[in-house]
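Here come two complexes built around chain A, the first alongside chain B, the second alongside chain C.
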Partner chain A sequence: MGKRFVTILIIVFILFSFTGCWSRREIEKLAMATIIGTDKVTIDGQDKWLISANMIKPRDLASQGPLGGNGSGSDKPTVLVSSIGATAWEAGRNLAARLPRREYISHANIFVIGERLARDGVDQIIDVILRSKDIRLNTWVLVAKGQALDILETEPEFEELLSQEVMGIVQNQPVASKVFTIDIKRFANQLITPGQDAVASCIEIFERKEEGQSQPGNSSDKGNGQKAVRLGGTAVFRKGKLAGWLNDEETKGYLYGIGRARQGIISLSVHELDKKDVAFAMTRASSRIVPRVEGDEISFIIDIKAEGDLQQHDDTRPIARPDVIKAVEQKAAHEIKALVENALNKAQNEFEADIFGFGNRLHKRYPQFWKQIQQDWREIYPDIKVTVNVEAKVRRTGMITDTPAVN
Partner chain B sequence: MVLEKGKVSSRQGVLLLTFTVVVSTAVLTVPAITAAAAGRDGWICTLVVATVYGLLTALVIIKLWQRFPNKTIIEYSQIIAGPLGKVVGAAYILWFIHINSVVVREFGDFILTSFMPETPLIAFNIILLFLGAWATKSGLEVICRANEFIFPLFTLSIAGVFLLAMQEADFSNLLPVMENGIKPILRGSWAPMAWRGEIIVVSMLLPYVDDSDNVGKYLAYSVIIIGIILTFATVFTTAVIGELTKYLTFPFFELARCITIGRFIERVEALVLVMWVAGVTIKVATFFYIASLGTGQLLGLSDYRPVVLPLGLLLGVWSLELFESSIQSIQWLTEVFSFYAFVFELGIPLVLLIIAVLTKKGGQQKSG
Partner chain C sequence: MLTNNDLITVPQAVALIIMTVLEVGLLSLPREVATYAESDGWILVIIAWLLAFICSLVLSTLIRRFPGETFIEYSQKVIGKFLAFAIGVILIIHFVLATAVVIRTFAEVTNAFMLPNTPREFIIIAQMLLTIYLIRHGIEPTARIAEILFPLLLVPIFAMYMIALPKADFTELLPVFNTPIKTMAVGSLYTMLNFFGLEILLILGPYLKRPDKIYWTMFVSVGVIALIFLFIVIITFSVLGVQPAKQFIWPGMTIIRMITAPGRVFERLDALAMALWTIASFTASNSMYLAGALTCFHLTKAREFKFFITILFPWIYFLASLPPSIIATEKLRHIVRWGSVSVGIAVPVIVLLLSIIMKKKGETA
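Entry: the complex of A and B
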């Protein structure tokens, strides 16, 4: 009898304890952030954090589903909220004054760092991110040209949510190889690895303009001042502080240099000097950075192998011949080499930032030698000699061989 | 007087049990400690140095057991050292309880840090100790069988994390090897050595193993397999997380959090939680059991079960009051635990063995 009583008591106890846990977060009590922006602002002479986030409006999702195409017109699916505080988390919690639900950042997969904060130094924001249990190491980091808040204000053009749009752009980048995308884990590693400076992708607002006005990144979308986001170029850091930007072409060179280029088009002048008449479409590329130490002389060799197809030929002269293809390959190699050297030049001479990680390679290959020069690496770096070797291969010519001649 | 009437096979009681006891907490805590001291060379600590130490400890345990095949360390220390043996026995029981309360505390701290920051610590500690007490009351056979059931779950979770993290790994993060010579590696080895030495728990269980032929072999296997698993854990965390490893509190957990395969295999850190909860339950139950059994033997009781409740209360209070913050517990594990553990894992058993050999106490079995 007693045993039975105890058993029933235990069952009842378990029933009660299984109904939920202390730290539960019910979905209908949460405000889900999809994209987070951090800025530094000066208010009354004091530096403050400005945290902004796009929160999903729950009502819309319940009625239509997050990806429902037939949106109800003007009603936006997200709310942009932002607040200011002396520390990042104080700013974040200050949102509570206007949020009817608890903020929940686990599902935010994009983190935008404002330009001002990046120039002050990203070390402070890295601590905020890494210490939090809710932000994952594989969250994407983007550096905004201007304020992160403005980026978050932009309306998505394709997708329902801005975060989906940016996420899509991030994942669509390998086809052009013009943007260096990076997540928090790699970004933080770049910052703390000796002999390596950090880079991150740049996100900027582009405005649809009247015809004839110049726009960033060769874009030519027409419009009347509507804003959209684009990823283009790279934010270069030196000692954790934003030093400047690489533009699209320089980023391309950088990506080839470090072996992160996947696909993309290289335009070449094969028959005449002043006309780009061949488009070489890369299918794969790889690179190896090899350090050399001879005495006290440090030099590096970047070996790049690129492989691709002929995508466009703007001339009637024959091209589908081994000797012409050889010439195309040489031109392509030359063009890639020029791109890489251009990026190198920027990194070494303008920013003096070791974004290729030469120091890191030297460290791995010659650890003892590295110890002697580690202190002076920043002085040595701008003057080291880097040789770029490129080998390009044209594998196929597409669906036709020679260009059809027009009578 | 035999307090434990159950019998377990050497596979259950030696190979599988020691594996769970050591790996369950080591996999989460050790990579951080070795990375802090030895950086990217942490894997050498766990693979080489700790394994050698583990095999040495295993050898001493086996030699002592061959002299006293039907006695636990609490019993034979009294035969070897006389009245002083009682003190040694009491010290061991205290050590078992202390280590156990640290394990309970680590468990609570981890869940609080990474999953449920608002929940009071006592909630997790009480649930865990309740399970531990229950298992202890049920006896050795139940603990071993439960472990046999949990073992595949536990191993598969760890292996799953390794496999899924493979594509994120960049093994050049392990270079250069031994940049600063051997010293940082030795310094980073203290923690994995102390953890490996926890195989000392078998010195309380060996009398209840029924196939004594395989004991030595299985204990050695266990030490080596633990070494390999922990080495994998260290190598993968370094390869995936890189330089950042030494700043993280729970590198292996972060490793699981990094896993993303095609945007649909994501957030597999629940695997780590499954592994952690299952493994730690067994570990706590084992230490709880040997502490109770030892107390029974030391005090000459006819049954160890009456001491389970008082020990449980002691464990509960101790685990809550042991450290004020997680900083203290990490510092304790890094700086104090190792040396404290060496005394009980290798120091005292070695001294006992030497005295036993010199005074020719115990049986002279030559089997190995």
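Entry: the complex of A and C
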């Protein structure tokens, strides 16, 4: 009898200890952040963190489902919340003052860094990100021109959520090869790898005019249209501090230089000097950065190979002839070379930031030599000679050969 | 001598050894090798593989020399009763510490990734209760569990890390052979410590059904373990980058947090990964705990060993909750690993050499 009693007692105890997850977080008790912005602000002379996030309003999203019918249609599906604190996490927790649910950041896939914070140094934010168990390393990093908070305020145009919109834009970039997109893992890797400076994509606000879009890169023109976001250019960091921006064309050169260009159009002047009359649609490109060490002289060769189609010919002169195609190829190679050299020039002379990772290549190819010069790399880097060789090939001419003459 | 017909087959032995060595410590392996040798880290794993294989040769030779005898028995013959007793006590302490470290590390990882509010003590006790329930049934069921869980662990681990492969950038493995020989030697010695758990062979000896196949058993076990190590280190280096791998406490787990399973069914694999590491640490703590209890049993020549499981329980619990922080846990892990080198290599080598010099052999050999 006693033994049975003890057994039952033990079973009851075990049952109590296996009641389920202690640390559970029910989905209806969570406020899901979709896009997170971080800024530095000065309040009463003290630097504070400003954390902002777009939180999903679950009811509204659900009501747009097949069963929910049309709920409160005019409402935004997300709420923008922001708060200030002495440390990033304090600011994040301070959101609780206005959130009826616990904030949940694991599903955020866009991380926006404000310009001021980037100029102060991203090393602080990178610690916040890497130490956190919630922020995922495949989150995209974008650097805002201006405040991250303003970016989060803009309304999405295509998608329901701003994060989906930005995410879509990020994933759509390879077709143009004008934006360098990077996730947190690679960003952190760039920051802490010796002989490499970090870059990240830049996100900015532009105001839409009544008809059509404003000129790219001309974000400051004041229309009374709606605000929208665009990706454009690249934020260049030097020693983890924002040094400046590359514009779209320089970014393109940079992408060709590091072999991250996937597709994209290059406009060429083939027949006349001042008129861009041929569009070369690059379909495949690769690059190889080869370090050379002769004595104490360091030089680099960037070998770029690009393939593409003839996409547009704005002239009636014959083009589908081997010698003309050869001329197009040369022009394309020349154009790509100019793009890359332009980006190189800016990186070496204006920002003195080793965004091409030349130091890293040197380290991989000549590890012993790198050890000797690692300390002085920043002084050596701006004066290093880099030769760019480009080989371009035109593979196809589209659906027609010569341009039809219109009477 | 043996309680019942508790003999394990060759596949069971292989599974048991592999599952003993594979535990949560594997998650921090890429960080360790990256700290010692940066991008040469994977070479350290290969050298450590050779070193571990040599160790396992020594252990296997002992088993071949004294088939059917326990380590305590034959070491008594070789180095005398008193020394053998002392070594037995050291072995028990080592296995108790090892169990404590395995369980504690598991509790830390669980706390960090899955159950942040659950008291660590609760995780430790729950894990230990399960282990006790299993190992009370003896070595054969423990080995059988290892055999069953072995494919359940390995296949998903490979699949999971393979998903990360498209993100890999293999230039991260360059430059090769850039580490000074001395650093390399020290590093591979430290890396070999990750094979701790092999010393369980000292206890396993008399329970093997085919002690004549012990070399083959060890060759397969050590080979599989090393290949898993190599695989995880290379994937971590190439996907995460060598420098970030140095930063994270568990780079092996960090990778899981950046991949998305194809097909959009399971977007996040954290839960699966945690389940797998639960299995890994469960089997590791089983073997360690059982080895500790069996050593007590051999040492005291008691009638049955179950009694010792209960005796060891409070000590393991106490030691597992001793380190105040994760950093202290890692320190304790290092101590245990050095203990593993001393009892797993130094002692067997001495015993083996003495037995060869004194021409002592087991009865049936």
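Observations
As a working rule, the second predicted complex is superposed on the first by the 365 of 407 C-alpha atoms of A that agree within 3 Å, B and C clash if a C-alpha of one lies under 4 Å from a C-alpha of the other, contacts with A are read in each partner's own complex, and residues count from 1 in each chain.
One rule holds in what follows: contacts are C-beta pairs under 8 Å (C-beta built on N, C-alpha and C of every residue); 3 or more make two chains touch, one makes a residue touch a chain.
Source: prediction; values computed, not measured.
When both complexes are superposed on chain A, chain B and chain C clash.
Once the two complexes are overlaid on the shared chain, A:Lys239 sits clear of chain B and of chain C alike. Of the two partner chains, chain B and chain C are each touched by A:Leu130.
Ranking chain B and chain C by residues of chain A touched puts C first.
Of the two partner chains placed around the shared chain by superposition, chain B and chain C are both touched by A:His363. After overlaying the two complexes on the shared chain, residue contacts for A:Ile192 are found with chain B and with chain C alike. Under the contact criterion defined above, the residues of chain A that touch both chain B in one complex and chain C in the other are 21-23, 130, 133, 136-138, 185-186, 188-189, 192-193, 363-365, 367. Put simply, chain A touches chain C in their complex at residues 17, 21-23, 106, 130, 133, 136-138, 183, 185-186, 188-189, 192-194, 363-365, 367-368. Here chain A touches chain B in the complex through residues 21-23, 130, 133, 136-138, 185-186, 188-189, 192-193, 363-365, 367, going by the rule given at the top.
Contact residues of chain B toward chain A in the complex are 113-120, 123, 172, 175-176, 179, 240-244, 247-248, 254, 257-258, 260.
Chain contact summary for the complex, chain C toward chain A: residues 112-118, 122, 126, 171, 174-175, 178, 240-244, 247-248, 254, 257-260, 268.
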